[in-house]
Structure formats: structure tokens, C-alpha cells
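Look at the two complexes coming up: chain A is in both, with chain B in one and chain C in the other.
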Partner chain A sequence: MTRPTITALVVLVGLLLLADLLVVNSALQDVAGVVVDAAILVAAGAALAAGASLVTRRLGDLWRRRGDPIGALLVVAGVAAMLVAGMRPGSSGSDDPAVQWLLAALLIPIGATLFGLLFVSTVAAARRSVAGGSREAVVLVTATTITVLLLLPLAGSIGSWLSDASGWMLGTAVASVFRGLLIGIALLGAVYAARTMLGIGSADE
Partner chain B sequence: MPSPADLLGRLVRFIGEVLGASSLRFEIGTTIVLLGVLLVLLQLVARPISRWVTADAAGLAGVGRAMALAAESGTDAVVSLGGGGITRTTDALARLQTIASLPLLGHVARAAARSGVPLRVLVNDPIAASLAAATVDAAHEATATLERQGRTRIVIVGEGRPAIAGLAMTTRARPAAAFAFGSLREEALLHLDGLRSGAGTLTTVSADAAQAPSLRLGGGSALIGPELFQAGADLRSSVDERTMVMAGNRLIGLAVAVVAIGTVLAMAGIIDLGEILVGVARE
Partner chain C sequence: MSDRRPPWSLLAPALLLVLLGVAWLLPDLDVLGLEADDDGPQADVRATLDGLGPAPLVLIGFDADLGTYAEVRPTVRTLIADLLVRDARIAFVSLTVEGRALATSEQARLRRGEANANRMLDLGFIPAAEAGLVDLTRSIRPDDDAGALAFAREVSTAGMAAFDAIIVVGGNDLGPRSWIEQVAPRIAPTPIVAITPSVLLPEVLPYVASGQLAALIGTPGDGAAYRSAAEVGSLERLVEAGGPRSLPILVGLLIAAGAMGQALVARLVGTTRSLADRDRA
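Moving on to the complex of A and B:
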């Protein structure tokens, strides 16, 4: 397929989806639905092909004794365990208790352990950034320290003042910066999405 | 045959008649203002660049130097396209960031191809992997370095955001330059820590607002928030484009000043914006 044809296809599909978003029309909705379903099918096919390619490559690594044999074995064994759990006779697929157990007992703890490192990483990154003399990092760490101090659970009038100050800090100062950032992201994201759907690329693409 | 001035006069009269005869709720002046806003939006969509500032905050113009250093040291460069993917079950903004990262990947890939530096591209989605492969192939084609194409690897790290952060943290290879473009969520700091460790330079670009502190603390150059969508324009620096950008910046500054002054006047009770814009006075 030549490049102009692809561009024309992108523009057509983009206009169709935009029109479906703006105009309530059942025929248009059906056509847009077909296009979206086709995209989902292509994505699912690509995912299956990628999975098959991964297993084939890892089996090849094991067969030819190259690369990381332990990693290859773990990948192949993991895929096989999931396939057996989800596709054995009598299994209810992705809702099967065996599949759910594999997810809950293996994947979720691995993810949770990884995210458990975030506290250490954040403190180390803050120390490193301040030590490096980055002006933005110094401002960031100072603001964070002030916010943490304001959130101290103290009793009495000091605690009440700190609570009010933290409320103001989070509701006014932090929220206004954050909302400004979100508005900017939303505006430019919408512009970029419209450009992409209409097939308008930058000069060097 | 009518003169150009005559044609222009007819056109203005025609538009005036159409607006005058319309059943719009707004007056002609307000309608023209609204049409002007629409025109500006269309111009933003269709104009060749989307850049507001002329500073190269993320050092994308210096990618060539980083690649030259990589070539000298005989190491590779790594580009992570974030954890958003394109067909993953995540929000649309995260997936849009992956698409917006492809021109940046193309820029890095062209510099790497010219310098003969192998690239490692990390993705966690097969469609993103195919698009990344196509982008890298196009870079080799554009730089006439097809013989170096086989040295670049597209690595699908597996489903999920922790997987890509885990791989970045545990990989023993030390790249000369590392780039993280696209959606980074709660795993951002782990991801950037892994990429930064041992890398000569680190460039991060993400539009996830909540992770702005992580990008700032991660070290290296960073483009935060909407800058991801503008970064494509940082890759070009012709005089015409810079002039357009600077003119655009001044117009935007003017618009912001008008909005600020209008707001102050409205707050002081000197003018009523509701009456001006929609013809309904404030009660």
C-alpha cells in the first residue's frame, strides 16, 4: 500500500470517528463500530502473534543453548502454566480459579514488591537531586518538606493552624498548578489527537 | 471582469448577509468572535508545527552528540516508550502519549543510524512494537544506513507497567544514552532509576501530570506535561519556523493579556463579560 493511500485511509477513518462522535446517527454508529471492531481484531491478532513469537524465540534459545536459559525456561513454563490453567477441559477461561490464583499469588506480589521500592527510590532520588544542586529539585524538595510538616498530626491550636495551612496549600497552591498542567495537557492532547486523526504529521515524519 | 477589490467587497457583503440572515442566538459581533476562535483552533490543528517555546528544554537538539559519544564508547542507546502502549487497557491519554513519542523515537533513531549506534527500544505492547520497528526502519531508510538496521532491537518486555520498570532496573547493559518517552505512571521513578543507572545521559518526556516530580527527581533533561506534544517541533529549527513560533508566542501573550485585563475589569464591575459575549447581563 502506498503512502498516500495510507494517509487517505487515516483521514477517512479519522473523519468517520469524529463524525460519529459529533452526530447521533445509527448508520454512522454502525460503520464506526465496524471500523473499531476491525482495529480491535488486528490488535488481538498482533498480540497473539507477539506471544507466539516470544515462545518460539525462547524455545529456540533453549534448543540452541544461547542467551539466558533460566529466563527462557521461566518464560516458557509461565506461558505453559497459564495456557494449561485457562484452556484445560472444564476450565472457565480467564475467570478460572487456577488462572486467578496464578495472577493473585505470583504476579500481584511481584508488582507490589517492585512498588515497595518506591519509597527508597524516592528518598534516594531526592537526596541525589539536592546534592546535584538542581534548582528545580531544591524547590521541589523544600515544598515537599513544608507540606509534610503541615500534615503533622499535632493537637491544640498549633495542630489546627497546621491543618488549615495544609488544606490551603493542597487546595489552592498545589491544586492550581496541577489544574493548569492538566488544562495544558488536555488542550495540546486534543490538538495532537485531531492532527493524528486527520493524518497531519510533522515535517520530519 | 470584476477587480480583486470588487470580489473582496462582494465576499464581505455575502458573509455579512449570511450572518445577518442567520437565526443564531448571538449578535453578528459575537458570532465573528466565535468564528475567530474556531479559526484559531483549526489553525492550531493544521499548522505545520505545534511549538510554543523556542528553548530546547530536553536537549533533543543534542541527541547527535550523545550518539557520537555512544559510538566512541562502543555502547548502545536505549529508548523506552513508556508503559502506555497503544492497545493496552489503559486510558486514551496514556496511549496518545505513545503515539506522540514516535516522532521523538524517529529523531533518536536517525541520529543513532548516522552514528552507527545500536538502539534498544523497550515497549510493552505488540502494536507499539510494530510501530516502533516501522519508525526505526524509516530512520535507516532516510539516512541510507540499511546495513545497520539489524543491530537495532525492539524488545517487548511483557504486559503491565511493573514489567518495563523491572526490566529497566535489572538490565546489566549500560547504555551511553537513555530516553524515556511516553506515559509513565506510579512506576516512573523505578523506571527512570533503572534507565539512569550507568547511562551517560537521560532524557525523559511524559505528559502524566502526577509524575512531574518523578521526572524532575529522575535526573537528566525532562519535558513535563504538555511539552510532550510540543516536543516534535523541537526537532526542527529553520529560520521560518522559529519566526512563526516567536510570532505565535507574541500573539498568545497578547491573548493572555487581554484575558487577564478582561478578568480584572469584570471583577471590578467595569464591564460585564456575559453581556458582551452572549448578550445576557449579570443579575
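Moving on to the complex of A and C:
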């Protein structure tokens, strides 16, 4: 399927769902329902296919002895452990105690630990960006440092002042910039979709 | 290519862990306090729950992610206990895989804590994220196992209209924004309360200002204030013992600010020296 066809399909589905939202019509509601159900089935199928593809790829890595064999082995073993725990005869699925143990004792702590490591890597990246000489990085890291200082958990009048200041910083300065970015991205997406629909390409296409 | 970093910098991550560990072991100081103002967001949450009437039906959209859930977990557990102590009936639904994993884990914990099973309903996992949310507004189909519950029959018959409030436990993949965009316009006005990690704050705060979110707990301080004000009575066993502590957070923030500040000062000194050298030349 060519790219304009996909875009046209996306726009048509979007318009259909929008019309269903704005107009009370049972026929339109039924058609929109079919489209939503189809989207759910496609997403579920895509997720399963992605999982199968990951396992196949890692098994291929192990078979051909390429890439990271330990990582591939861990991925395959992890998927196998979860499948056995949740799908073995007599298992109660995602509620099964074995699945719960894998989640609570392994998956959740590992996920939180990986996220916690962002502390080190983010601070290191900030320092490297400043050392690299970029003015944007200096502005970004300065604003970040000020925000971090405003979030210090102090009690009393100083803590109250810091809390008010951080509230203003997050609720006014940061939120307004973020919303501006989101609006800009949405407008860019709409313009790009319209250009694709109308067959207007850039000069180098 | 040689690594020019000084030896101490290679030990910095290990040193950080040691410092955080020591801070965790030490008692908190009186000058520290994680709790935000009493009349802040936690008051909005309590006001929203107080306004629901007796034995409300509450839908919990549980889509936290593994990375940030540790930040909101004590608050989520307190809120669930708060709902149950108000005789609320709560239904869990997830639209992300990680959210589903965490939701089943929390429901298993509630069962171990002997929470009233007749007041809880598992609506499971719906794939396709935002399309799933749209589907949720069209019909809700509880599992056959749950069909015996009067609660399940009520939800199956009335759909989203059965619920008096929606609690969104948000994460990096799906949060209150999607619920406000996809669900709120398609259902009768229903208060939406959100609990999110602070990383989502810039995205979610405007919805509080516009009134589309009835209440938001989006920072550890707001969470601590809500937990200290919540009265869960006999369900204290469902609440997490010991939430995040102020001293380790203070140490972590100071280390982060110090590391970034040192880089900024070094850059400032370097720039000043180069300007001075240029003037002399």
C-alpha cells in the first residue's frame, strides 16, 4: 500500500470517528464501531506479531551465534518462563501465583531499576552537553538545575516558598512551553497530512 | 580512543548508591518535609470523593508503567483503601501491557489483604490504547467469571454510565490526556481524578486549570499530603507501610543539582578565561 493511500485511510477513519462523536446517528455509530473493533484487533495482532518476531529474531541470533548471545538467551528464557507460568495446564492465567511472582519479584523491580539508572545517565548527558559548548544545552541545564533546587523537600517557611515557586515554574513556565510544543506538533502533523493527501511534495521529492 | 575521565568519576555511580543507601538508613530530619500544602491537590481529591455519594461505582484506568510506578504506588494504594473504606465498588481496566501487569499485581495484593472481593471487578486488558478507550465508551463486557457479581451485571448493562467517577493511574505510555480526549467527550459528565508521576506534570496540569480533571496528584509532595490526610480506618493493612522518605530524595536532588551546577560553573569559568585571553591578545 502506498503512503498516500495509508494517509487517506487514516484521515477517512479519523473523519468517521469525528463524525460519530458529533452526530447522533445509529448507522454511523455501527460503522464507527466496526472500525474501532477492527483497530483493536489489528493492534492486538500487531502486538502478538511483534512478540513473535522478537523471539524468532533472538532464537536466530542464538542459532547463528551472532549479536549478544546472553541477551538473546535472557529474552527467550524470560518469554518462555512467562508463557509456561501463565499457559500451563491448570494455570489461572495472569492471576496465577507463578505469574504474579514473576511480575512482583522480577519484572517490576527490574523495570524500576532500569528507570532509576536514568538518574546517572541523564545527569551525565547533561554534563556532557554543557561541556560540549552548546548554548541551548547551557540554557536547558540551567533551567533544570533551578527546577531541581526548587523541588528540594524542605519544611517550614522556606519549604513553603520553594513549593510555591516550583508550582509556578511547573504550572506556568514549563507547562505553557510544553503545551506550545504539543500544539505546534499537532499543527505540523495536520499540515503534513493535508500535503500528502493533496499530493504536494517538498522540492527535493 | 582513551578514556580521559578522572578515576573518581568512574566510581561516581557506586558512590551515589552508597550515599543514597546511607541517606535511606538515617532518620529524617525535622527541617525536611515532603508534604505539600494541605489545601492543595489532595484537598481536591478528597472533595471529589466526598461528593460521590454513598457506595459509588468507580472505574480505575490502571496504566502505570514499570519505571515510574514506584513514585505513585503508595498514593495509589492509599487511594484504593480510601475508596473501599467509603464502600465504593471499584473496577480495574488497563490499556497498556505494563499497566495490566501492575493492575493484576495490585489486585492480587488486595485479595491477599482480604479486601472485599464483591466490591472489585477486573475488566481486564483492552489492546489498541486510544481505540480501546473509545471501545470502552461503547460497551463494557466483563469476563464470564465476573458475571455472577451484581456489580458486573450493572456495569455490563449501563456501560460507562454506571460509574460515578474515573480514577486514572497514568504512566509514560497512556495517561489522563488520552482519557480526557477519548472518553470524556463521549460520556455524561463524570469526574476524572488522576494520579501520575511528576514526569507527566507539564502535560496534565493544563487539564486541571481547565477543569477537565477534577483533581490531580502529580508530585511526590502532593501524594504525601494526600496519604497523611486520608482516613482509611480498618483498611490500614491495604496501605503501603512507609512511603518515599525526604532525606534520600534531598540527597539525590542535591547530587543532581551539584553535578549539573559544577558543569555550568566549569563552562562559565572556561568561557571567562577564553574571553580574558582574547582581550590580552
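Rule of thumb we're sticking to: the second predicted complex is superposed on the first by the 107 of 205 C-alpha atoms of A that agree within 3 Å, B and C clash if a C-alpha of one lies under 4 Å from a C-alpha of the other, contacts with A are read in each partner's own complex, and residues count from 1 in each chain.
Heads up, the rule we're going with is that a contact is a pair of C-beta atoms (placed from the backbone, for glycine too) under 8 Å apart; a residue touches a chain by one contact, two chains touch by 3 or more.
Being a predicted model, the structure only gives us computed values, none of them experimental.
Engineer: In the overlay, answer first, second, both or neither for which of chain B and chain C A:A43 touches.
Structural biologist: both
Engineer: So, does A:A125 touch the first partner chain B, the second partner chain C, both, or neither?
Structural biologist: first
Engineer: A:L198 contacts which: chain B (first), chain C (second), both, neither?
Structural biologist: First partner only.
Engineer: Of the partners chain B and chain C, which touch A:L152 in the superposed model: first, second, both, neither?
Structural biologist: In the superposed model, A:L152 contacts chain C only, not chain B.
Engineer: Which partner does A:Q100 contact after superposing on A: first (chain B), second (chain C), both, neither?
Structural biologist: Only chain C is touched by A:Q100; chain B is not.
Engineer: When the two structures are overlaid on chain A, which partner does A:L15 contact: first (chain B), second (chain C), both, or neither?
Structural biologist: neither
Engineer: Contacts for A:L114 in the overlay, against chain B (first) and chain C (second): which applies, first, second, both or neither?
Structural biologist: Once the two structures are laid over each other on A, A:L114 reaches both partners.
Engineer: Determine, under the contact definition given at the top, whether A:A52 touches first (chain B), second (chain C), both, or neither.
Structural biologist: Neither chain B nor chain C is touched by A:A52.
Engineer: One more residue to check, A:I6. First (chain B), second (chain C), both or neither?
Structural biologist: neither
Engineer: Which chain A residues are contacted by chain C in one complex and by chain B in the other?
Structural biologist: 40, 42-43, 47, 107, 110-111, 114-115, 118, 126, 144, 178, 182
Engineer: Using the touch definition from the top, list the residues of chain B that touch chain A in their complex.
Structural biologist: 41, 44-46, 48-50, 86-87, 93, 96, 99-100, 102-103, 106-107, 126-127, 129-130, 156, 160, 162, 165-166, 186-187, 189-190, 193, 207, 209-210, 212-214, 216-219, 224-226, 229-230, 232-233, 235-236
Engineer: Where on chain A does chain B make contact in their complex?
Structural biologist: 40, 42-43, 46-47, 49-50, 54, 107, 110-111, 114-115, 117-118, 121-122, 124-126, 128-129, 132, 134, 136-137, 140, 144, 178, 181-182, 184-185, 187-189, 191-196, 198, 200-205
Engineer: Can you list the residues on chain C that touch chain A in the complex?
Structural biologist: Residues in contact with chain A: 12-13, 16, 30-34, 36-37, 65-70, 97-98, 100-102, 104-105, 107-108, 126-129, 131-132, 134-135, 138, 185-186, 201-203, 205-206, 209, 220-221, 246, 249-250, 252-257, 259-264, 266-267.
Engineer: In the complex, go through chain A and note every residue touching chain C.
Structural biologist: Per the touch definition, chain A meets chain C at residues 17, 21, 33, 36-37, 39-40, 42-44, 47, 94-95, 99-100, 103-104, 107-108, 110-112, 114-115, 118-120, 123, 126-127, 130-131, 133, 138, 141-142, 144-145, 148-149, 151-156, 159-160, 163, 170-171, 174-175, 177-179, 182.
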